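Labels for the chains are A, B, C and D, by order of writing; each one numbers its residues from 1.
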């Protein structure tokens, strides 16, 4: 008797409004294996896994677990079928303890008292077996992300998961933490559990998976045995053509220091130090890249420079003039442009029409209307010019911004910030969720800015992006600058710094 | 498949859907009428006749409409900035004080058209002042403007009663109210406007403040969709984080939006105080501030929609008074029920019919 | 009358005036802890008061009245749930709408049925929860200090008063010691976590709203058939909002909620007591000042001058999976 | 002549067991007697009164009676618009040639019940709970205090008002709390002049086994054995007489003031409170009545100078 595959998906289809997130997906995952799923942002990976976990309902298609067809109406059914999931965005109640989070939904009775003792014991056991140690009485929001992720894994195991789905578990981890996670995953596999691992990082795929499937634009385009494929092949499958991640650019011609950060410290609303005594300079005509794992203070640093967050101490100088504490409007006047890392929450007002977004932040500029009123004709004409120049599609300034695709939304932001001809540009995650074509376009514009002798500060969690664009690189870890490197520094060396290991 | 992100043409979003919501609200109101043993169709007929049947009735309807335009605009302006101002009632009440002070000060000396601009300013200033503290608390201390404005409605009531009972009351008179304004402190009625349509206004207090209301509609439209400040308010209202990014000052914008909102509410007082009763009375606002919420929700916070919605509520108020007169079993609070139902269906259940409409639309348009 | 007697008198008054606040604030506690902001507490209380008075009048039994109040209040909660959970409507708008509906409907129906200007007929005997004289109250009365307290504050209240005070620890127990409570607190913080744990967010929130409805029903019944002996137009008179403020002030925790409500009750009692009396040095204070005091205080509390309150994180935001 | 009578109540509603109910009874009495149908209307808010009065007038009703001072300004306006219609306003004065203003000497009636309260009180402390704080209600309180003090000059009289807006007529909860306060301070007879709020006073007094005094209508039956008596204003007669006068072409405009002498204000004795009014109390009340009519006892009317000389 051949054992049934742990998971079989047949003809899964799912749309969100106009977005066809999953198109006729077929997938087979063998029991006791680690199966990787890769694909660009927005390829539909999370959607597919959420369907398997019962979080979303498929519009069409069939799911078989251990050969038995089942309808996963909700997460409860999934849990009962032995599926556990660690979501890309953690599903934890932040002001609850670890124990309460683990118990939630599996309390073992109407009253809590009974379940608590059992849960403690089980946690002890899991800790011993897999090396998943966390203090059961710690409050989630006080734990570092790596630990929070363990709680997620514990939640799944506590519910007796046989199939474990991990959605981009390493995005928030340092390489060392990631290695620890992989060791745990191997132990789990060796005990017969089936693991579905979603990631962008081909290195991880090669290191740990047995098989790998590739998604592109909602479709499942290929499945390979990991041993029989290469990084190059996977990358090509992912984007549908040969990838050229190197950006063509000449030598930098750095001039005088334009942006200078001195001993900057930033605390968040809870008083936790996010940026810790950071100093650096950015010269005109150069791109300074800030590398680091997400959540190590880069976002806060950018926001402080852009005037969105008040620094606790330290100095920010533009052209030698102290600007710390000035508001974003004032900083724009001083020639600082900012492409924010989150276009949906900051860079754009999604309910606005495109032309309205094309002046966001610059709406008080006399070009867009004198006195108290806006000159809508001028704004629309301006927007049309940008649309033409940046090939924003569809070329309609009266379209609601939400109805543009991610890449085009990003171009709206980039066009707005760059076309103002600023002296300095600070950029967060310029190509997050953007397709390859747009990536190349945006990268070229950034290099052009440098060549026009502007100062560019670039933050990205994509090491490749940092390395191919930057002229100099600094690395942040736990809010501190832990090192500086040149673009040709090895991935290994940068990775060590990003993990705070040097 | 989810229908939430399927775009619909404007005439459906701003036409069909609100009308559908309204119809349900009226249908349920009809059920209430029926349940207390009256005939809803008969009631509807009486209501419409009572509101539009004669020149005088129309005059009353437009009188109420005027008040509701002001309060509707007031709620809408705050709404665009992401603030839910439930305090229009209190702001209008205090605005009445501003209007009355001007009228009392000037009516002996100058004709009404000289008094009027000052009264507009007085009413707006007082209304705005009453909105200031909730606005400040929201802007600087993060106290929810919904609750603070409700509290300020109560405080306004206490303040105004105190003033009317202890300061303004005419000695020897029973009712806590100011003396009657002379013609110099009254806004004249719009008999001529009604006459243009061949109707007689009679005693209905339809007055010049209607024109002020229409002017305000235009100014609010200009503010929201054509001005830099309006752009900032809308940005803040839709996406506070984008507003921060764009350097739009939160506190300042919140406070200005609330001041404008309060000012518009305050101007509502011109209509009853200087246009109708020619004196400041206790509780003269009589719920118009709250009607403004329904009007604004129904009019989708657009001045044009607000004019329509205000007129509809004007019909309800005037027709309802007549209805309750003809059918004593139906009291005027029936209007409050309808108002609640409109807020429920046009506001909270705004999208209840959207999925169904989307499906019908898709079928019909062959997608 | 010496100061102690005044104190006892005000204390008794405080308790009577706090009870509807306690019930209502606890009602709000359950819904807000589940992530549903409930500005419609006022309307629930009012509708419940009306239903309680009507049913008590018709049946002659206060208990049936209470059940009626609870029923209506749950009904209102369910509408709120339908709007804000099922249809993901704006919770504040929905609550405001319900307040209007309650304010109007009670008068429309009351007037149509009883023709007393919207009031319901007066209740007597068993149709009303009458004061209960605890054993030994009369005997104790003359014992110094404890006596008056026992006889005038602790004894002589109706059954709902005692139930209100019992509801406080009970709420605490439900919230912190039961599975329902754990899930309810979780859903108010992060509904997605509850959803992925295999628990239905909607059903959980609806259950929370049912509890809210029950407690709202008690509040209304207390107003109409315990504290008074009839329903009167608009008898909730803003208590729902004050309760909401107390809830915020108490940071959404049961015991502090009770204390906050007692504070507001106390203010009201003092306002009543001070009416027409003069304060040394200041003279007679206009009663409007005392009437406005709870509202002013609410604003001050909300302004966080007495500590900032962090509401349940998911409060006010409809739970949507699909953007 | 044929008349088409109309009646607009105050906001307390027709069956408030008090002021409005008295007006209603007057209209019913007339209807029973003559078979003439009448139309009435119960405004539930202050804003409605004017429209109701105007509606009646415009539809040809005559006379139009509006009870409650709250309709004063409405009456001033509408009566001027319809000079051929006869109007009656109760509890307020409107000086127009087609308006009859019926006012009562509540001070005298309150004096009598104050006297009875003083005699019934064992603690030497009595209370007064008024509705809306307006001169009219202060007039009640002032008369009452004079009566109570006529029994014992050191009689303590607590006075409270429920509120300062129209809502004060409709807030029995607050009225009850104020009553309880007064009881806690020792009052054992409390007089309610508070419209529908008064029901809260009567209720609280009954709950605490104290005496209360009703107002406007005879409220002795509301809590038999606890309501000591009621200060009855014969609003019923005002309504009845107005209809009758017009039907018999005897209608006169102008102020009609009703005191003890005219039987316009009386204290009610019926089966419900017979046992509570002792012969001594009755004798004292009768004597006071005679003295007031004779003018040997003058009850000060608060509204003449906005002062209470106590």
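By definition in this document, contacts are C-beta pairs under 8 Å (C-beta built on N, C-alpha and C of every residue); 3 or more make two chains touch, one makes a residue touch a chain.
Values in this document were obtained by computation on a predicted structure and should not be read as measured data.
A.B. asks: What chain pair has the highest count of contacting C-beta pairs?
C.D. replies: By contact count, the leading interface is B-C.
A.B. asks: Would you identify the chain whose Cα-based centre sits farthest away from the centre of chain B?
C.D. replies: Of all the other chains, the one whose centre lies farthest from chain B is A.
A.B. asks: Let me have the rounded angstrom distance from the C-alpha centre of chain B over to the C-alpha centre of chain D, please.
C.D. replies: A distance of 38 Å separates the two centres.
A.B. asks: How many angstrom lie between the centres of chain B and chain C, each centre taken as the mean Cα position?
C.D. replies: 30
A.B. asks: Just give me the whole-number Å value for how far the CA centre of chain A lies from that of chain B.
C.D. replies: Once rounded, the distance between the two centres reads 46 Å.
A.B. asks: Residues of chain C that contact two or more other chains, please.
C.D. replies: 107, 111, 118, 288, 291, 322-323
A.B. asks: Where in chain A do residues touch two or more other chains at once?
C.D. replies: Answer for chain A, listing residues that touch two or more other chains: 16-17.
A.B. asks: If a residue has to touch 2 or more other chains to count, which residues of chain B qualify?
C.D. replies: As it turns out, chain B has residues touching two or more other chains at 2, 4-5, 161-162, 331, 333.
A.B. asks: Every pair of chains that touch: which are they?
C.D. replies: Chain pairs that touch: A-B, A-C, B-C, B-D, C-D.
A.B. asks: Of all residues in chain C, which touch chain D in the complex?
C.D. replies: Residues in contact with chain D: 1, 5, 8-9, 12-13, 16-17, 107, 111, 114-119, 122, 130-131, 152, 223, 227-230, 232-235, 237, 269, 272-273, 275-276, 287-288, 291.
A.B. asks: Note which residues of chain B are touching chain D in the complex, please.
C.D. replies: 60, 157, 161-162, 165, 171-177, 203, 277, 279, 281-283, 286, 321-322, 324-325, 328, 331-333
A.B. asks: Quick check on the complex: what are the chain D residues that touch chain C?
C.D. replies: Residue list for chain D touching chain C: 9, 11-17, 20, 42, 44, 133, 159-161, 163-164, 167, 170-174, 176-178, 180-181, 184-186, 196, 199-200, 203, 207, 222.
A.B. asks: Could you please specify the touching residues of chain B with respect to chain A in the complex?
C.D. replies: 1-7, 222, 226-229, 231-232, 234-235, 238-239, 241-242, 244-249
A.B. asks: Touching chain C in the complex: which residues of chain B?
C.D. replies: Per the touch definition, chain B meets chain C at residues 2, 4-5, 32, 36-37, 84, 86, 133-134, 137, 141-144, 146-148, 150-152, 154-155, 158-159, 161-162, 166, 290, 293-294, 297, 329-331, 333-341, 343-344, 347-352.
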